Amino acid sequence: MSFGYLLNLAVNGAIEGSIIALGALALTLVFGIARFPNASAGDVITVGAYAGYGGQLASGGLMAAGVVSGMVGAAAISLAFYWFVFRKLAGRSAVYPLIASIGAAFLIRAAITFFLGHDQRVYDVPLTRAVALGPVRVVPTDLYLAAGALAALAVVFALLHMTPLGRRMRAVADNPDLARASGISARRVMTAMWLIAGAVSGLAGVLLGVKTVVMPEMGWDLLLPAFAATILGTIGNPVGAVVGGLLIGVAQELSTPFVGFTYKIGVGFLVLLLVLMVRPQGLFSGAERVR
Amino acid sequence: MEGYLLAVGVIALIYMLMTLGLNLHYGFTGLINFGHVGFFAVGAYTSAILAVHGVWLPLAFLAAVVLAALSAWPLGVLSLRLRIEYLAIVTLGFSEAVRLFIVNERWLTNGVQGIPGIPSLSEGLGLPMSATTATFILLVLANLAAILVIHRIVKSPFGRAIEAIRDDEEALRALGKDPGSFKIRVFMLGAAFAGLGGAFYAHYITFVTPDQFLPLLTFYIWVAMILGGAGRVSGAAVGTLALVGFLEGSRFLRDIVPGVAEVEMASLRLGVVGLALILLVIYRPGGIMGDYSS
Amino acid sequence: MSLLTLRNIRAGYGDTDIVTGLDLHVDDAEIVTIAGTNGSGKSTLVKAVMGLLARVAGEIDLDGTDLMALPAEDRIRVGMSYVPQVANVFASLTVEENLLVAEGVGDVRARMAEIHDMFPALAERRRMRAGALSGGERQQLAFARALMPGPKLMVLDEPTAALSPALVDQVFTLIEGLPKLGAAVLLVEQRARQALQISDRGYILDQGRVVLDDEAQALLADDRMAELYLGG
Amino acid sequence: AEDPFRIGALNPVTGAGGTYGPGMQKAILFAVDEINEAGGAAGRTLEVFAEDTQTTPDAAVTAVKKLIEVNKVQIVMGTWSSGITLAVMPITTEAGIPEMNTSGAPAISTEDKDDLVWRFQATNGRFGRAFAEIAEQRGFKRPATMAFNNASGVGNTEGFKDAWEAKGGEVVASVVYEPKRASYRSELQEVLAADPDVIVTGSYLPDTTIILREWYQSGHENKWIIPGWAANPKLVDALGPEVTQGVIAVESIANEKAPSYERFARMYKEATGNDASTNIYAAMTYDMAIVWALAMEAAGPGASVAEINAKIRDVANPGGKEVYSFEEGKAALKDGPIDYQGASSRLDFDEYGDVTPDFSEAVVQPDGSFKRVSVVKI
Amino acid sequence: MTFAANDISMRFGGFLALDHVSIEMGESDLVGLIGPNGAGKSTLFAVASGFETASGGRVVFKGQDVTALSPAARARLGLGRTFQVPREFTHLSVLDNLVVAAPGQLGERLVNVFLRPGDIARQRAEIVEKAEGIADFLNLARVIDQPSGKLSGGQKKLLELGRVLMLDPALILLDEPFAGVNPVLVGEISERIGELNGRGVGFLVVEHNLQALSDLVRRMYVMDRGRIIAEGTPDEVLARDAVREAYMGGVV
């Protein structure tokens, strides 16, 4: 096994990892702020992919239009579910919004299959051949993908940790009553959070759609690895989510010469397990106190 | 009609065994187990493999239960170290690992081709009745036994201790009890119920393939538990019946809603299930029987 | 003219009333203490004042504003601020973020500097997560956080519990000085003796009702009061 | 007149088979319409009760129970994946009614102890043999395989491998991949490292789309042999002719020039708006209804289900007048035995109740159209 | 000597929360521990009870080195503790909170649950009686059937104390038992602690209520910035300048 071969595997892993990372980014936001694992995130991603596809089609093939309409579409769905469902479940044990989010996921998928059927759709993107950079082969569209993931991370991170809005989001997550008494409108903060999470999901959907094919189950299938990445990188930590996604992607692909292709998704979980053995709260956790 | 209801009943009772196990995990102890289908699969495959090799069915069932319980042991050990949400994803990973193992280890499991021709209960035990009837009767007995066992346990000091774990395990530690030993036992016990359900399932469907053990089933069981009310023994039973009634009842929706094609019907059914989940959680959060916090 | 007026308040959780038929008022620049046994409904009452209870009936008025119609998150803008009895800081935020969390009111920097002068321990631990603070440090942070927006009514639920004697004195001194800064105080305290010494008036709660209300000095002098509520 | 004869249409309307199930179900419906318009079979009209298997065994099992117990159907047709068929078979057999499916697993043949199960699809093994035949004719020397990790995907490529090695050839690389991935680049990388001249796949449309796109981007020049359900016009739509040209699509065919197929294709287009070539399973379910009705006709009025079942080979296998529609067959039965030539295949059932269709080898042209280059008989 | 913390150090990142702290207690001793907020008192408790692992030093209890033992194992040896912030089992009733704490319950073994139901029932009756006695004394009888999550702040504090009493420990570490507790009750609890101590139970009490504490304990340690700065009888200790400086801001 040559070094170049492994290097290529690592690159493949990083690309897959970027997609997982985008999903994880959306998840970790909701998980960290609204305090529950949002199982509908996958289907919001699917909405993003379809909306992006529609937007591109309507604009006569403009990818930028696809990206925008994907993000807007997903953000709108995300907000709608906050407004009609999750808002009403604030303060309950995380299991309840989780179950509701599974319901939301079903509802979204039902709507998609009802109106659009099961046929696959494909973004209109010109196909380019890979470029060789030394031993590594890179496809330009994959670079857009990686750039998209990083940009989304930068925006989310800055928002969460460098703006008053982010501070308020974390305050609401931490102690909703105290936040109210401190003059923070949970509704406004949460609205912003769900919009951002939706937009990130939308971006994930469009990029995933461009990379693969647009199908009703595409987002749901991304959910599991994205959750793993979220946990790996510590819940609520955007940098962690992205690092977690990349780590899982790369570990999976690099393992293939040793465990084969059908066991590789198990490797993602193995990595998760090993990390959690050493750091039970994920890679980026701070200490908790018991007193 | 009876035959159909019996079949639905069998599925409901199999799910009920799983729900009882999950309720022990989450409802009473607060362990978030998202890999329940993994124990179910271990039970199903164990019994299936042994039975097609001619092992007497009661023994195969016993092995299924024991192996499912044993497979939960490492997760129990892990649960000592992990915070609750983290355990969730690890268990989910476990169930996927079980499925991957089944897919890949063909020498044992016949891989994706699955194992056909598993003897049914009436066949395997030589009972003079239809397979469905035999399975139904034995499942009723198994569920009654399971309910009795769980009822006994949750009313005992053991039960109080696991409920204390659900609320605050550090505090329990300070009182000289090892949450770990309780958690491990609970994990194994709940898994045993799922394993038993798996064995029944394998001999009822008479065919197992890895595709039957996807995480979606775990979610269904969660829904059943929440539907009935977590931390209530009666909740598991009621919740499962409601879930299965719901899933099956939607088959008859078509007779009520005219002019919808079958494909659209399927979408509609999924949508109705989704909507029902949402409404239930919003308007009846404690489930049908009320959960432990009410 | 009363700053805060409560009339015929009934409040509780679920179906049970904890506080019933309660009247209370706080005048401008006044310190009012609420004391009572554990579980008598003090925290419930102040949560009702802050709009944090789902079930409240009666009239609550702050300086002409009908508080019953005002969501909790808007009360900071009419000049209220609150230190709850438990969970009184944002544990996952840093000390500094805790102080900055309230919507920007007045000169934030100057206030920060004042706060850091008042509580040097907080200045030292600026970047530490509040969850890692000691019990007393947390209490200081909670108090400081409530001071940040420059309130005209501070509602304090046992602000000195868990504080060392030096800090208790310091906090009481601080509270005593609040009216001069333009803030009235509604104070719940188990250290009732000390609290009443700096208060203008006091209310004694028992089982959700006011059993005594009088000038602070009168309460302190009351023998029955000492026996039932103030201890030795 | 007697009550209508009740048929259970049990199709994968949702789940993994959702791409095909709806069309399969519609095909049964219009076949039954056709039969009823021709005056029904053995003096009875046919009535369809449809259920969705959701492509999961649990749902399929309760669905088939419902069909049998509630709707009182006397035959179940249209199950798709092997897992479903294997789960449904014991129940229909216990009820003494026939089961018609489109699944490929070998176990279906051996588990059918009462000769009540009829397979309208080529088995995995037969597919593999067709692949090997074509690869040999084309002179490929270094084939590799890529298979979607389920019974059908693996079944096809292993069938190929067995047949190829029986011919004395060697398969240079074999990869089985887990489905639903965002990328199959590493899998491709492994296969391509063995420098194959052709890659034989057992795959579906979505994964084939992704794999071919990534293969094109990698700049390799080998050929592809892909099952027809994945290599179809939708694949060309998705990727364009530049990527897909030269892809060899292999599928089981019937007398495509035969009137039965033409008639079916017309009706399918009418009913679904789609091209018949996009759903080979629909042709099979169409044939199921027609064959069954012809068997009813042959068994005559008042025949039991078992008696009708016993007539299936009589009306479909060689040895009679070749007919292409129900109406034609019904008329011809008055004069003697018939041999129904189906829309999905010639429909000659062997002792297991399996068919051996012919296979077509089609190549994607530079303009994106499919051109049949040969018909392979095995 | 029943309990000793020998040369304990504890580091959080760059911060030295405990700096070579040593404490010793004899059998049925009643000792106080005071110090400014953040001095390290709760951290010392956490180390002593096994919830935190010290960076250095040893913990000895009943002549046995327990440094490597888990919190539960230490508790079983008779080392009980309360938490500064109460940690009640919120969904359990007050009674069950107390009952669950009882040591040596037969019914915690699954085998017994099925084979010895009679013995378990008898044992439960005893435990419940004891629990009700404790609830009575702590003024919790009125809320004994309420879920403990619905108690008031002070009531939770009391329950925390009640639970550790159920353990029958040899030594109890009390972290601010009087904070938020009604002054009248403070007196009663002090009395009860004294009484229990008379029966041989040792106490190490962290408390900022100096009045109550100095009436209660015979000896106290003073901590500041992670170090023990004084030790002696309450009068002695509180008279020292260093202590007044560190703890009381120089005034009394």
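Observations on the model:
Note that the chains take the letters A, B, C, D and E in the order they are written out, and that residue 1 is the start of every chain.
The criterion applied here is as follows: contacts are C-beta pairs under 8 Å (C-beta built on N, C-alpha and C of every residue); 3 or more make two chains touch, one makes a residue touch a chain.
The chain lineup, named per UniProt: A, B = Branched-chain amino acid ABC transporter permease; C, E = ABC transporter ATP-binding protein.
Just so we're clear, the structure is a prediction, and the values are computed from it rather than from any experiment.
Chains that touch both chain B and chain D: A.
Least step count on the touch graph, chain B to chain C: 2. For this pair, chain D with chain E, the centres built from the Cα atoms lie 74 Å apart. Here the spacing of chain A and chain B, counted between their Cα centres, is 29 Å.
Look at where the CA atoms of chain C average out and do the same for chain D: the two points lie 76 Å apart. Distance between chain A and chain D, defined via averaged C-alpha coordinates, is recorded as 38 Å.
Across the assembly, chain D contributes 14, 18, 149 as residues in contact with two or more other chains.
Within chain B, contacts with two or more other chains are made by residues 103, 170, 263, 266-267, 270, 293. Taken residue by residue, chain A touches two or more other chains at 113, 118, 260, 262, 265, 287, 290-291, whereas all remaining positions touch fewer. The touching residues of chain C, when paired with chain A in their complex, are 50-52, 71-77, 81-82, 84, 87-93, 97, 100-104, 129, 131-132, 135, 145, 149. Interface of chain E with chain B (complex): residues 49, 51, 70-76, 80-83, 87-92, 96-97, 99-101, 103, 105-110, 113-114, 120, 124, 147, 163-164, 166-167. Across the interface of their complex, chain E is touched by residues 13, 36-40, 42-43, 85-86, 121, 132-137, 139-140, 158, 161-170, 190-193, 227-232 of chain C.
Of all the residues in chain E, the ones that touch chain C in their complex are 12, 34-39, 42-43, 84-85, 139, 143, 150-155, 157-158, 176, 179-187, 208, 210, 247-249, 251. Contacts from chain B toward chain D in the complex involve residues 1-8, 11, 103, 111-114, 116-117, 120, 130-132, 204-207, 209, 211-212, 247-248, 251, 261-263, 265-267, 270.
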